[in-house]
Amino acid sequence: MIVGKVAGTVVSTRKCENLIGYKLLLIEPYYGSKEKIFVAADTLGAGIGELVLITTNDTTQYGLDRNSPIDALVVGILDFEPEIGK
Amino acid sequence: MIVGKVAGTVVSTRKCENLIGYKLLLIEPYYGSKEKIFVAADTLGAGIGELVLITTNDTTQYGLDRNSPIDALVVGILDFEPEIGK
Amino acid sequence: MIVGKVAGTVVSTRKCENLIGYKLLLIEPYYGSKEKIFVAADTLGAGIGELVLITTNDTTQYGLDRNSPIDALVVGILDFEPEIGK
Amino acid sequence: MIVGKVAGTVVSTRKCENLIGYKLLLIEPYYGSKEKIFVAADTLGAGIGELVLITTNDTTQYGLDRNSPIDALVVGILDFEPEIGK
Amino acid sequence: MIVGKVAGTVVSTRKCENLIGYKLLLIEPYYGSKEKIFVAADTLGAGIGELVLITTNDTTQYGLDRNSPIDALVVGILDFEPEIGK
């Protein structure tokens, strides 16, 4: 999974029916290249600036109530910044 | 999901039967390296220059009417440019 | 999907049974880093130098007659070189 | 699969139900760019500093007791550092 | 699929039950960045220095006798070095 920081939201009125109801968050990767911002769906209520854990590809479906065309999903909100070696 | 800008279309007459009927868009990534243009199928009617949200790999199938060999699908058209921190 | 140019073929006599019968093409990416050549299976009869559209990962299975351990499949041959903005 | 070194843990109290019970490890890639740290679930009891083998994407599910939104899973602990050519 | 050179083996005694019985090979990519060594399972008996064809992610399952947490599998041994343009 990827550690990311919630950097904003995206708004889409014209979208697939199966996407309706999900909050769509801009995610800045916490490790590696920070420019590679992507979008993850969220059902946990993560706020801007929070660090989250994101799963990708088809494994997102096991965290959803119904199958949806979503390849990145927030599956956890981190309690504190991860520290290497602890 | 990936935020991309619709940069053109591709035309293919000799193709898999399961691809018939989908519009095939050239997509320029909005974040990260802009040279890594790829192709996404579209059923929402996105136009050139519009910003779209794209899901990838097998999750595309949950946005299609039938299974198709498509690993990138436009699942939303953004209402406005995303802004970091909002 | 990825736009690529057919750059050659690979020959493998000792291989998985499920791979028998597919032509295996060397593909040079058309966008991004051209050194990242990969192999795609082909059932459309693409020739060397042709531009093709390739789908990846598990979505390849929707373009095949039977399930096969193939993570890249030619799903279309482009009619002409894609042009940005058209 | 990826060879990685266990570099720490992440703690998440607010998370998907299906993630409960898994230890979440920070993994530093052993080959390639070491900055691209990611998170893998672990059921084998790997400790900090150990070298592990990680499978990704939907194949993680074949190493789990139940389907979970996990795209990286420790599937082995290496007996010793891998050596090229042996 | 990826063309790679068999560069060694990895040994793991503590591993997922579903991994037992597979040989685990270190693979050096033949194209692109050679430092990004990864591990593939092998059932064809590829030897060190041989060039092999590797499929990834969930498509590995179609080359296995049973589902296993394996995201890279040797599906062919190349008869000779691939040549661009042939």
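Letters A, B, C, D and E name the chains as they come in the text, with residue numbers starting at 1 for each one.
Here is the rule we go by: a contact is a pair of C-beta atoms (placed from the backbone, for glycine too) under 8 Å apart; a residue touches a chain by one contact, two chains touch by 3 or more.
It should be emphasised that the depicted structure is a prediction, and the values quoted were computed from it without experimental measurement.
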{"item": "Separation of chain C from chain B in steps, with touching chains one step apart", "value": "1"}
{"item": "Labels of chains that are neighbours to chain C and to chain E", "value": "none"}
{"item": "Length of the line joining the C-alpha centres of chain A and chain B, rounded to whole Å", "value": "19"}
{"item": "Centre distance in Å when chain B and chain D are each reduced to the mean of their C-alpha atoms", "value": "31"}
{"item": "Touching two or more other chains - residues of chain A", "value": "57-58, 60-61"}
{"item": "Chains listed in ring sequence, where chain A comes first and chain D follows it", "value": "A, D, E, C, B"}
{"item": "Chain E residues touching chain D - in the complex, by the definition given at the top", "value": "7-16, 18-19, 24, 26, 28, 33, 35-41, 48, 57-58, 60-61, 67-72"}
{"item": "Chain E-facing residues of chain D, complex", "value": "1-3, 31-32, 44-45, 53, 55-63, 73, 75-80, 82-86"}
